[in-house]
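Listed below are the structures to be examined.
Here come two complexes built around chain A, the first alongside chain B, the second alongside chain C.
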Partner chain A sequence: MAILATGFLMVGRRSLTALVRFYALQNVLLAGLAFALSEEGHLVFAGVVLLVLKGVLIPFFLLALLKRLAVSHEVESYLSIPLSLLFGGALVAVGFRAGKAFALPGAALPEAVPVAISLILLGMLSMATRKKAVTQVLGFLALENGVFLLALSETQGLPLFIEIGVALDAFAAVVLAGILIRRIKQIFGHLDTARMQELKG
Partner chain B sequence: MLWLLLLLPLASAAWAYREKNLNRLSLVAAGVPLVSLAIAVLGQGAKNGLLELDGVGFFYLVLADLIFTLVALYARGYWAASHDTHAPAFFAPFFAFIFTTHGAYLTHNLGLMWIFVESSTLASAFLVYHHHNSRALEATWKYLMLGSVGIALGLIGVILVYAVLGGATLDWGEAKGLIGGVNPAGLKLAFAFLLIGFGTKVGLFPMHAWLPDAHSESPSPGSALLSGTLLNVAFYALVRYTSLLESAGLGSYVHKLLLGFGLASVFAAALFLIAQKDYKRLLAYSSMEHMGLGVYALGLGAPWLALLHTLFHSLCKTAAFLSAGNLSLAFGSTDIDKASGSARSWPAAGFAFVLAGLALAGLPPFPLFFAEFQALLLSPAALMPFYLLGLGLAFAGLAGAITQIGFGTPSALQVLPRARILVWVPAALLLLALVLGVLPPAEWAKNIAEVLR
Partner chain C sequence: MSAVLLLLLAPLFTGCLKWVKARLQNRQGPGPLIDYFNLLKLAQKSYIVPETASAVFLLGPSLSFLGAVLAATMLPVFPGLSFTGDFLLVLYLLNLGRFFQALAALDSGSAFGGQGSYRESLVAVLTEPGTILALSAVALSSQELSLASLAPLSAQNLLVYALALAALLLSLVAEGARMPVDDPATHLELTMIHEAQLLDHSGPLLALYELASGVKMLSYLALASLLLPLSHVLAFLLMVVLGLAGLAIIETYGVRLRYLRLPDLLTYNTLAGILAMLGVVLRFRI
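Moving on to the complex of A and B:
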């Protein structure tokens, strides 16, 4: 539940730094869940890796990036905050309704499946409605966390080395996005991806 | 032995990151895939821990390495002619891309395969980003975001398959044996996600938005790699999963989805082809059309035909993109209007582009005609008119642009690149395609596809 709350807060907040902190908090909670579920060793490892990579490295990278960019730390969206929250609420409702269908028989933690689906949908909402490149990355990371939670709740997580590979891929994607974002700022002087539209047809 | 196929490109990538000498870089870039090809031939059918090279994996690995080698040979001439100071930066991602491609074809672990496919997005993003300008930036951003979300949805599919199997295995071969009696509803849901996820990277409608931008903004050797090898990586994953679900007895459900998405992609691509003003984007939409046709062939329950279609497409499209590279060097623009009449001003490049274009339009004796005709014969009667209409529209779109580029009013030539290799590589690819068109290796492909049964 708390995990969902962090997801929801990420939709509702205006300040980018607060967003990153909520993201870090979400990762800590997810890692905690991985520890709690662990009957055998591999989830403990997965939890540790997750904690280090996604709870510490990625948030620090993002905060450093924000500092270097020196852009206004306001989230700009096509939707106002109340409207975002409303949409978010609707998506969570959809997530809970659809989540039942996703909970396969024999799932390790069927209650968490709807939460995972909701997180995925909320991540997509941020990606679709936010203008700034940084917030889109955060939306993607939230989505990715939803997928991780889904793996935890359906099967107690994928095998460890796969889980680590996935987390490394996510980290590499964020670093690459960071390089691009700095270049976007350099060339365009803003971070508004909605205004990048030279390529058509 | 198989580990070498991963270590070799990885070590080369680390080396290329610091190396600045273009001659040395392109020599190694042609050598590494060539050596890999030899290793693959020796290691065919081998199994080594997590790595395994079966018929289908071997087929795609050899195809990819062939294209990597030829593109590297071409790239030497291309970079010399383009006076691009960034040119050495092309090679580290080139090797990283070979590494991820090899990885995807070598592993039978579905989780690892996903990781390699996602990594191939990241490695190839640098090829798209090469020019560092605002257009390249926009294309790379779109590619990274759409590609990552798409493939994250694909991961949901992988997780669901794992969950349906009760967490027993992620190995493709073992899964194929176990999957007979499992919950079909869960598997159907999983496949929907897998199709959307890997379909995004294959360029299926409506998840194709990144494809034309990435293909057109990458420098032409990069575009050739994206079209000739990257799309196949994700397609290969779809081939594996389709075969998995066929073993579970869900063939008819899977085939319906594949036929629908395949045809929709052909139609959407055809409409964009007709309206196209930029010849690199034209080729990009033609890739979308042909991947749609490949998925269609997969949906007909004929994986051997899907393999052949992607093989033929890779050869013809690489020839086309490399010819397009020649035109853009000579005319300094990728506008169809500004490169018209090229068969007169630079016959070797112009005719190669026209021939590659006609091959892509599906004219005999080029091999795509054979593949498209076989697919027509296998099509259910109800789909035949739609299939033919889609092919016809795409043909019309390509034919107009090709005629103008080849034989329109000649545009002013800016430079005439002299390196012979620029002309030889597309010519060699077209010759190979022609041979395969006259003697289509259907029986061979059917043999290879046996492992998918």
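Moving on to the complex of A and C:
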């Protein structure tokens, strides 16, 4: 539930640094859940990887990126904050309604499946409605967290290699996105994807 | 019983809040009993009525006080008055007081009164749906429509109760005119919301207003305390202490939101209410 709350706070805040902090908090909570669920060894390992990589490294990388780009405030959005929060509420309702059908018979934590679906939908919402490239990356990361939570709750633990692969994948994606964002900033002088639709000839 | 308790406790609560806040800010500050003396002093003074004002000017403080006290009688901190649907009556009695308060402020004919009135009306509009939805959701989930017989917290209704608690605490902050929404300690009329309505009332009228707002805050705390899995009195006392600490910390370390950003904050209230309602209707569970 607290994980879902961080998802909502991510939709609701404008300040980018606050967004990154909420993302880190979400990861720490997820890692805690992984520890709590672990009976065998490798979920502990996955939890540690999650904590170090996504709870510490990615937020620090993003914060450093924000500092270098000197953007920190006023994320622009296609929807106003209240409207996107209400949309988020509707999406969470959909997620809960659909999520119950998603729970497999042998799921480790069937209660968390709707939360995971909702988190995926909320991540998609912030990817779709925000204008700044950095926030879209954060939306992607929240979505990825939803996928991780889904995997955590549906199965008795994925094989270790897949967990590591997914975690590294996310990290690589963030690094790539970071480089892309820097290039966008260099070439266009801003990070507003809405203004990138005109063709340049 | 509960009304008497809340009435007696209200000055202590606001006084304690001032005292804790002063201590957190490394000030000496007045003692916790300051508001009893304050009310006594105000009650002995005479009051001034503006030349343009009508009878509504006097009606405002008395009705906002009466509304708060009547609402407090229906709170089941101690067993008292209780009937089906009383939670709606409690909330709307509290809002009735606010309505007359806004009217009285408009009636005073001063610009600041009108400004405060329209601002507070906006806050009221933003808070009402969330509060009503949250309490209705709790009532529906316990299948009893009176406050005294709400079902205790259990794994079945954890999600609904947590969402309702969040909504009620947010409305406590908004309705009590506390920090992220309104700054009770401001002396600048342009930034006031709640205080701007009281500017023209003096003496006993002001005392009634102060007492009413104290009772109102305690009422919201009492409503929130009904959701805790403890006996009513114990939960109420716990909630009061938590509320004191929480408000003092927010008002020491936090800042006030800009007036135009208030909808951003208060949408969380509405959202929590809607989700709680959906949680009941569609039987969500965590």
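Here is the rule we go by: the second predicted complex is superposed on the first by the 195 of 201 C-alpha atoms of A that agree within 3 Å, B and C clash if a C-alpha of one lies under 4 Å from a C-alpha of the other, contacts with A are read in each partner's own complex, and residues count from 1 in each chain.
Following the convention adopted for this analysis, contacts are C-beta pairs under 8 Å (C-beta built on N, C-alpha and C of every residue); 3 or more make two chains touch, one makes a residue touch a chain.
Here the structure is a predicted model, which means the values were calculated and not measured.
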Quick one: is A:124 in contact with chain B, with chain C, with both, or with neither? Answer first, second, both or neither.
first
Who does A:133 touch here: chain B (first), chain C (second), both, or neither?
first
Does chain C touch more residues of chain A than chain B does, or is it the other way round?
B
With the two complexes superposed on chain A, say which partner A:92 touches: chain B (first), chain C (second), both, or neither.
second
If we overlay the two complexes on their shared chain A, which of chain B and chain C does A:171 touch? Say first, second, both or neither.
neither
Based on the superposed arrangement, let me know which partner A:115 touches: chain B (first), chain C (second), both, or neither?
second
In the complex, chain A touches chain C at residues 1, 8, 12, 14, 80-82, 85-86, 88-89, 92-93, 96-97, 111, 114-115
Touching chain B in the complex: which residues of chain A?
101-102, 104-107, 120, 124, 127, 133, 136, 140, 143-144, 147, 150-151, 154-156, 158-159, 162, 165-166, 169, 172-173, 176-177, 180, 183-184, 187-188, 193, 196-199, 201
Chain A contact footprint on chain C (complex, rising order)
158-159, 162, 263-264, 267-268, 270-271, 274-275, 278-279, 282, 284-286
Can you check the complex and tell me which residues of chain B touch chain A?
109, 111-112, 114-115, 118-119, 122, 125, 129, 132-135, 137-142, 144-145, 148-149, 152, 155-156, 158-160, 162-164, 166-167, 170, 183, 186, 189, 212-213, 216-217, 272, 275-278, 281
